[in-house]
Amino acid sequence: MANLVIENVKKRYGQNEILKGINISIETGEFLILVGPSGCGKSTLMNSIAGLEEVSDGRIMIDGQDVTFASPKDRDIAMVFQSYALYPNMTVAENISFGLEMRKVPKEEREKEVTRVAEMLQIGHLLKRKPAQLSGGQRQRVAMGRALARRPKMYLFDEPLSNLDAKLRVEMRTEIKKLHQKLGTTIVYVTHDQIEAMTLADRIAVMKDGEVQQLGTPQEIYDDPANLFVAGFMGSPAMNFIPAKVVQQNGTYALSLETKSNVVLPFPKPGALSSHVGNTVLLGLRPEMITEPQPHKEGATFVVKADIEVEVTEPMGADTMIITRIQDAEVNCRSNPAYSAQPGDVISMMFDTSKAVVFDKDTEERLDK
Amino acid sequence: MANLVIENVKKRYGQNEILKGINISIETGEFLILVGPSGCGKSTLMNSIAGLEEVSDGRIMIDGQDVTFASPKDRDIAMVFQSYALYPNMTVAENISFGLEMRKVPKEEREKEVTRVAEMLQIGHLLKRKPAQLSGGQRQRVAMGRALARRPKMYLFDEPLSNLDAKLRVEMRTEIKKLHQKLGTTIVYVTHDQIEAMTLADRIAVMKDGEVQQLGTPQEIYDDPANLFVAGFMGSPAMNFIPAKVVQQNGTYALSLETKSNVVLPFPKPGALSSHVGNTVLLGLRPEMITEPQPHKEGATFVVKADIEVEVTEPMGADTMIITRIQDAEVNCRSNPAYSAQPGDVISMMFDTSKAVVFDKDTEERLDK
Amino acid sequence: MTTKSANSGSRTTQSGRPARLSLADWMPKLVMAPTVVTTIVCIYGYMIWTAVLSFTNSRMLPTYKFVGTAQYERLFDNDRWLVALSNLGVFGGLFILICLVLGVMLAIFLDQKIRAEGAIRTIYLYPMAISFIVTGTAWKWLLNPTNGIEKMMIELGFEDFRFNWLSDPDMVVYCLVIAAVWQASGFVMALFLAGLRGVDGEMIKAAQLDGAGIFTTYRRIILPSLKPVFFSAMVILSHIAIKSFDLVASLTNGGPGYSSDLPANFMYTHAFNRSQMGLGSASAMVMLGCVLAILIPYLYSELRGERHE
Amino acid sequence: GEVEVLHWWTSGGEAAAINVLKQEMTDAGHTWKDFAVAGGGGESAMTVLKSRAIAGNPPASAQIKGPTIQEWGDLGFLTNLDDVAKQGDWDSVLPSVVSSAMKYDGHYVAAPVNVHRVNWMWANPEVFKKAGASIPTTWDQFITEAKKIKAAGYTPLAHGGQAWQDATLFEAIALAKGSKFYNSAFLSLSDDTLRSQDMIDVFTTFKAMREFVDPGFSGRDWNIATSMVINGEAAMQIMGDWAKGEFTAAGKKAGIDYVCYPAPGTSGQFTFNIDSLAMFQVDGDDAQAAQQDLARLILEPKFQETFNLNKGSIPARLNMPRDKFDTCAHASMDAFLASSTTGDLLPSYAHGMAVNSMVQGAINDVVTNFFNSESITAEEAVDKLARAVKAADM
Amino acid sequence: MSNIAKRQTSTLDKVLRIALYVTLLAMALVYLAPFVVMLLTSLKDVEEIRSGTLLSLPASLDFYAWGKAWSGACTGGTCEGIAPYFLNSFQIVIPAVLISTIVGALNGYVISHWKFRGSNLFFAALLLGCFIPFQVILLPMARTLGWLGIANTTTGLVFVHVVYGVAFTTLFFRNFYQAVPAELVKAARLDGAGFFTIFYRIILPISTPIIVVTIIWQFTQIWNDFLFGVAFSGFDTQPVTVALNNLVNTSFGGKEYNVDMAAAIIAALPTLLVYVLAGKYFVRGLTAGAVKG
C-alpha cells in the first residue's frame, strides 16, 4: 500500500517537453484516474511512476520514500501496458505467472493464482496459447491478468479495457472495483471511458498537454470543472458552451441569450457575474440540463422554458439527442426517445441552470468559483 | 463501391473453428458494424474479407465478383488494423502516403492528401515522427489516416477509435460519418462502443462464437433483439432479464413478478405469451424503462409502479443507476441524479413495458417474435 | 530507456541525496566490462602502438627510433602500395555490392516457402565452411586459362571462348571478386534470412492492402525494416574486404606481378617478410584511416538515427 | 632434453631429410618437437617465429638463413655455439663463405645444413630432340632455340608466375653479365650499375622470356613447372637444384631423362643459397644440452649426406664422400670449389642471401611487375629499380 | 510473412514460381561447382587429375585420398594425416564460439535495452576496432599472451578468438535486439525480473535465428582461422587449418591434389555439419503480434 506523491515531474524527449511539471498527490489506497486527450502524456506519466522512463526533473515518492531513482522492480508496482507487451515466447499461463515466479511464489500457488485470474478474465480456455494466437481483446485481458496475478503496492493500468466489448468491460470494471475494495491497493488508471472514470475513481486527474488541469473527485470534476477544457472534456456528449450576455435584472445577475426568442436564465451564483455585466461569457450547460418539458421540474427555481429550432436528432438508444444552434454555438439537448421531434421543428425545451457554470470567453477560466 | 456478400464463410486454425459459417450480405454504400464479444471472430472475418487470411470454406463476393481467392491488393480495400501495423521505418507522413504511392498517385497530390488527412485526424504536427515516438492514440490515428487517405471500394475498420478520448472519438466518429455520406463507400466497422454502433451503422451484425446472431438496423437490434444474447449484448448498461411468470388476467396475458410486493406487468404482445401460461420466462426490460416515477408517464398503458429495495446506487454523471434485485436477478434502473435514493431504501419505481420483450429461459430465444 | 545508475552522478547533486546503487544497477556495466577492457587494450592499445611504430624505422621487430613521417612518404612513393590501394577500392566496392544484392536476392527467394529450403540454404552457405587454403587451388584451376572453365567451354564447342582474367593484370582483381563473392554471399543470405524471419506479419498484411505487390512489399516495407541487418552485413562485408588476405595469398599471391595485391597483403609482406615493420605499420594506419573515413559517417548516422525510448 | 625446431622443410625430400635428424636426436636421448609451418617460402614460419620470440617463448631452433641471422643476432635472441663449433672444428670443415654466414659478431649462432646452387637450368632432352633444338649456352642462343621449340608446339620455358621465380630467372640473366656486374648491382647496390645499359639489357632479355612461357603460368608453383619439364610439355626450367628432387621423385635419371646445365652464360659462376638452423636462447640445462647436440649432429657427415641427397643440394661441409651423389651434384660441388677462388661464388639475391629482405623485396616488386606488365619499358624498369632500391635501403 | 507466399493459382504465378525454382537451382549449381571440382578431384588418382578435365568423372570410386588425408598424409615432418589436429581445433573452437556468442548476446542486450551513457559510443568504438588489420595485432598480442602466461596454449588461442570475435557477435545481437520492443523488457522489469532473468527468460527464447547466424559465423571464422592459429599455437596445439596448410604445401614429387582436396573437405566437415544442424532453427516470425505499433 502506498501513498504516491509526484512533485514537479518533467519529462523531455529531445526538444519536446512532454510532462511540464506534474504535481499529484494521492493517499494510500486511493483510486486515481488519469484522463486527457490523446498524446497529453498519460502513458509517459505512468511509465515515470513505474520507473521505466527516467524523469528529466522532479521527484516521485511512494510511501514517503523517494523512488525517483529506484529501479522498477524495487518499486513493487504492477502495470498493464497500453501496448500489452506480452512475452511472445511464453504461453498465456506463463505470461501470467511470470511475475509471481520472479517473486519466488511456489509453483502450486502460482498455478492456483493463474487459474483464478484466468477465470476472472474469462481466458481460462486460452492458457496454453501463445499471444500471437489471440484476438485483440484476449491479449488485453492477458495483459491485465499479468498484473492482477500479483499483489503489488500499486497497480498502474494504462487503458486496460479499451479493446473489450461493453458487456465484458462492465464485468471487468466491476472486478477491478471489487479488487480495489478488497485489497485497498493504490491504483492509477488511464481510461478514455467516461463511465469507467466516473464509476471507478476516487479522484480524477484531468491532463492536457503535459499539465494537470484539475485533480478532484469525479463529482467535482463533473459538476465543478476548473476551466473550460475540463468541462468540455468530461461528459459525453460534452457540455454545451453557449455565449450569453450578463444582465442585471430584478436586483440580481442573470444570463441573457437568443434562442428563437430572447431568454433570460437565472444563475445559481449571481454574485460571480456582477463584475461582468454587459460582457459576453460562456454559459456551460450539460445536455441533460436541456430537456423536453418535464412536468415534475415545472416551476423549479432555475428552470426556464424556451423555444428552439431542431437541427438534427440523433437517437442513441436510451435517449435521443436533439441538436440545435444557439447564438451560433451547437447545442446538444437530451430528450426522451418518446418525445419525437423532427429537424426543422420549433419545440419548447426546459433549461435547467441549477448546475450551470460560466467561463471567461478568452481565458477559458471559470468565472464563478 | 461494392456490395459485399459473404457466403457460409468458415475459418479454422488447426482444430479450432473460429468462423462457423458466416452469411452476411450488404448493399453498396452500406455501413455495416460488427459487434460481438472479444474473441468471437470479428477480426478474423475482417481479415478474410480483405483477403489476408485464407478462408477454409465458403465464398466472398464483392460487386458480384467472387474474390475468395483474389489477392488483397486486387480487392481495393483499405483497412485499419486493430494492432495498427504501422510501418516502423517510415515517418507518419510516409505511412499515410504509402498506399497512394502504390497506386501511382502523383507526389503533389499525395502531399495534399496527407495534409488533409492529418488535419482531419489532428496529427499534423506529428508527420515527421516515427511510429515509435507516438502515443497509443496517435498511433491509432495514423493507422486511420493510412486508410482514409485512399479512396478504395471498401473500408474495413477494426476498432479504429478504441484508444481515443471521448471528445476526439466523437469528432472522429463525425468525420467518418461525413466521409461515408460524401463518398458512399461501403464500410465494415468493428467497435465495442455502443454509441458508435448505434450512430454510425446502417446495419449491425451481432456475432458470437463465430456465428452471426442477428443482422439488422440499429433500431431493430436494440428494440427487437433476436435472442437473449443480442438483447444482453447491446445497450449499456445491459438490458435487465427478470424471471417472470406468465399469467392470464383479464382475458389477456401478463407477467407476474415479485418486487417488494407482487406486481403484474402488462405485455404489448400478449398473444406471444399464450402458450406459456404458468411457465417462467425471462422478461427483457432496459434500464431506462425502469425509472423514478415521472409525472408525464403516469397512467400510460404499459406503465406500472412498484416498490423496490435499493441495493447500490451508481452515479454516472447524467444519470444515476439504481441497482436492485428482483427474483434473484440484478436489475439496473436508470434515474435522474436529482432523485436521491440510498442503499437500503425502499422506493417506488415506474416499470414501462411498452418495449419489453420475453425470452425462453432455456433456449434463450425470443418468444414474442 | 536508461538505467538509473547511469546518470546518478549528476542526479545526486540535483536531488540532494545519494541514489542507492545496488548490484543490479551495475549489472549492465559489469557485463560489458570485460569487453570494454579487452577492447581498450587489445584493439585500441595495439592500434596506438601500431601508430607509434609507423613513425619509427622499426624493421624486423619494433624499435623506437623515430623518423617522423618518413614511412608514410615512402609508402606513397611505392607503386605497389598504390596498386594495392586502388585494388581495394575496386575489389571492396564490387564485392560488397554484389554480395549484398545476391545475398538479399537469395534470401528473399528462399523465403517463398521453398521446398528443400534447408538443403539449398546449406549449399549457398557451404563456401564459408571451406578454408581458402584449399579452395584457392580449386579456384585457380577453374579460372586457369589453360585448363579451367576456358578449356571446358572450348571442349563444349565454344571455340572462341576466352577466359584469362587470372593472368591478365588488368582483370585479375575481378577473379578475386568472383571467389570472394562465392564465399561470402551465402552468409549475407543467412543474415537476411534471419532478419526476414523476424518481420511482423501484420505489417506485411497492411502493405498488401495498401496495394503493394510482393516486390514492392519487400523493397519498401520489409527491407527498410531490416536496416539493422544491412548494417551488420555492411560491417561484415567491409571487414572481409579489408582483410582479404588468405584469398589473395592462395589464389594469386598478388600476381601477376603485384597487380592483385591488396593492402592487407602489402602490410603483411612488408611487416613480416621484408622486415619493414615501420612501413607495414604505416600502411596499416592508412588502411585504418580509409576504413574510418568511410565508416564513421555511416556509424554516426546509423547509431544516431536510433529510436528514442 | 627437449628441442623444438621451427622449420618449413615440408616438401617430400626435405621432410624425409629432417626426419633423419629427428631420429638422431631421439637416439641421442632427446625429444624432438617438430614445429613445421609450411608455405610461401617460410613466410608463415617467420611470422610464427616473431610471435614466439616476442611472447618470450622462442623455439630452441629455427630455420633462418643469410642476412636474417644477423638481424636476429642484432636483437640478441641467438645463443652461442662456439663450444660445439670448436669441438667439431667448424672453422676448417666449412668453407669461409658458409662459416661467416653462420656467425654473428664473430660467434657461431647457427648451423648450416646445405648449399644450394641456384643458377641451374633443367632440360628435357627428348623435347629438344623433337624440336630439333640444342641446349643454349648464352641468353641470345636461348632465345633462338626457344623460338624453335615454341614453333614445334612445346612450351620453351617452364615457369611459375610467382615473384621469387621471376627473381630467380632474372638473377640468372643478370649473372650472365658477369660476376662484377652482379656484385655491384646486388651486393653493393651501386646506383650507377643499377642504371647502367647492362641492366637495361638484362631487363630486355628478361622480358623476352615472357613469350616463351605458357599462358597459364600465373601463380604456378615451381614444382608444377618442373613437372612440365618432366612430362615433356616444356623444354627448360631455370631453377635451383631443389628441382632435382622432383625429377628424382618422378623416377627420372639425370643425364638420361633430364639434363642439368648451368643457366645460360653462367657456367663458371655459382649463386648459392644456404639453409641453416639458428639456435635461440632457451632456459634449462637439459634444453641447452639438447640444443648443442642438435648443432653438433647437423654438421655430422651422416646427416649432411642424407639430407642433401634428399634435397638435391650439396653438403655445407667440405671433403665429404661424393659417391652417393649424382652427376648434377658433382657438377655443383666442382663449381662450388672452383668459383670460391675466382670470385664467381656469389650469394643469391633472389633467395635472400645477398641483401636484406627489404631490398630483396623492393627488387622483386620491380622485376615481377615488369615481367607481367605490357606497358613498362626496360628503361623505365631500370629507373624504378634504382629508386626502389634506394627507398628500401633507408 | 506467411501470407506472402500465398496459394498461387493463376498461370502467371505458376510460371513465376517455376522461374523461382529454376533460379534457385541454377544458383545452387554455381555455388556447388568448385566443391564438385574438389570432390571429383579427391576421388581421382593423380594421373587422372593430370590428364582429365576438371569436371570429368573419376574412372573408379577411389577413397584412397580420403584415407590418406585423414590419417596418412604428411604435414611437414609427421605423416599422421590431419586427424590428430581435429581435437586441437575442437578444443579451441567450442569454448571460443560459446564464450564469444554469450558475451556478444549479453553485450547486444545491454546496448539495445540497458543503455548507459556512452554505451552507443562504445559500440561504435568496438565496431571500428574490429577493422584493425589482424596482422598488426600479432606481435603485441603475442607479448600480451606471454605476460598472461598463456602463450602458445589452447587457452591463449581461445582468448584471442574471443577478443576479436566479440565485436561481431555484439553487432549481430545488438542489431537483432534493436527490433525487440522496449515494452517487453519494461514489462519484465515490473514483473520483478532482473537483468539476467529478463535476458534468459524473455530475450534469449526469441533470439534463435540470430544465435544460429552468430554461431555459423563464429564457428566458421574460428575453425578456418589460420593466422592466429599459426601464430599463437604451440607445436602441439596447432589447429587443423595449420595442418591443412602444411599438408597442402608438403609434397613428394608430384603434388597429390586428390589428397589436398580430400583433406580440405574433411577439414570443412564440422563446419558443414554446424550449418546443417543450425539451419533447422531458422524459425519464423516469433515476435509477430506481440506489440501494437
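By written order: A, B, C, D and E. Residues from 1 in each chain.
Going forward, a contact is a pair of C-beta atoms (placed from the backbone, for glycine too) under 8 Å apart; a residue touches a chain by one contact, two chains touch by 3 or more.
As the structure is a prediction and not an experimental result, all values here were calculated from the model.
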(message) Following contacts chain by chain, what is the lowest number of steps it takes to reach chain D starting at chain A?
(response) 2
(request) Any chance you could name the chains that touch chain A and chain C both? (result) B, E
(message) So if I look at the partners of chain C and the partners of chain D, which chains show up in both lists?
(response) E
(message) Going by the touch criterion at the top, tell me which pair is linked by more C-beta contacts: D-E or C-E.
(response) C-E
(request) Please compute the C-alpha centroid of chain A, do the same for chain B, then give the distance between them in whole Å. (result) 22
(request) Starting from the mean Cα coordinates of chain A and chain E, work out the distance between those two points in Å. (result) 57
(message) What's the distance between the Cα centroids of chain B and chain D, rounded to whole Å?
(response) 95
(request) Specify, in ascending order, the residues of chain C that touch 2 or more different other chains. (result) 1-3, 7, 24, 61, 147, 200, 202, 205, 208, 225, 268, 272, 308-309
(message) Give the residues of chain B touching no fewer than two other chains, as numbers and ranges.
(response) 52, 71, 83, 86, 88, 132-134, 136
(request) Could you list which residues of chain E touch at least two other chains? (result) 3, 138-139, 186, 194, 245, 248, 285-289, 292-293
(message) Help me check something: in the complex, which residues belonging to chain D touch chain E?
(response) 4, 7-13, 15, 18-19, 22, 33-39, 44, 47-48, 50-52, 54-57, 59, 221, 223-224, 227, 231, 245-246, 248-250
(request) Could you please specify the touching residues of chain C with respect to chain E in the complex? (result) 1-3, 5-7, 24, 27-29, 31-32, 34-36, 38-39, 41-47, 49-50, 61-62, 106, 109-114, 118, 120-135, 137-139, 141-142, 147-148, 151-152, 155, 182, 186-187, 190-191, 193-202, 204-205, 208, 214, 217, 222, 225, 228-229, 231-232, 235-236, 238-239, 242-243, 245-246, 263-264, 267-268, 271-272, 280-281, 284, 287-288, 291-292, 295-296, 299-300, 303, 306, 309
(message) Considering only the defined contacts, which chain A positions touch chain E in the complex?
(response) 47, 50-52, 71-73, 77-79, 81-90, 98-99, 102-103, 131-132, 139, 146, 150
(request) Over in the complex, which chain E residues touch chain C? Could you list them? (result) 1-5, 17, 20-21, 23-25, 27-28, 30-35, 37-38, 41, 53-55, 103, 106-107, 110-111, 113-117, 119-120, 122-141, 144, 163-164, 166-168, 170-172, 174-176, 178-179, 182, 185-186, 194-196, 209-210, 212-213, 216-217, 220, 223-224, 226-227, 241, 244-245, 248, 257, 260-261, 263-265, 267-268, 271-272, 275-276, 279-280, 282-289
(request) Quick one: which bits of chain A touch chain B in the complex? Just the residue numbers, please. (result) 13, 35-39, 41-44, 82-83, 133-138, 140-141, 158-159, 162-170, 192-195, 198-199, 218-219, 222, 232-238, 286-288, 294-296, 314-319, 334
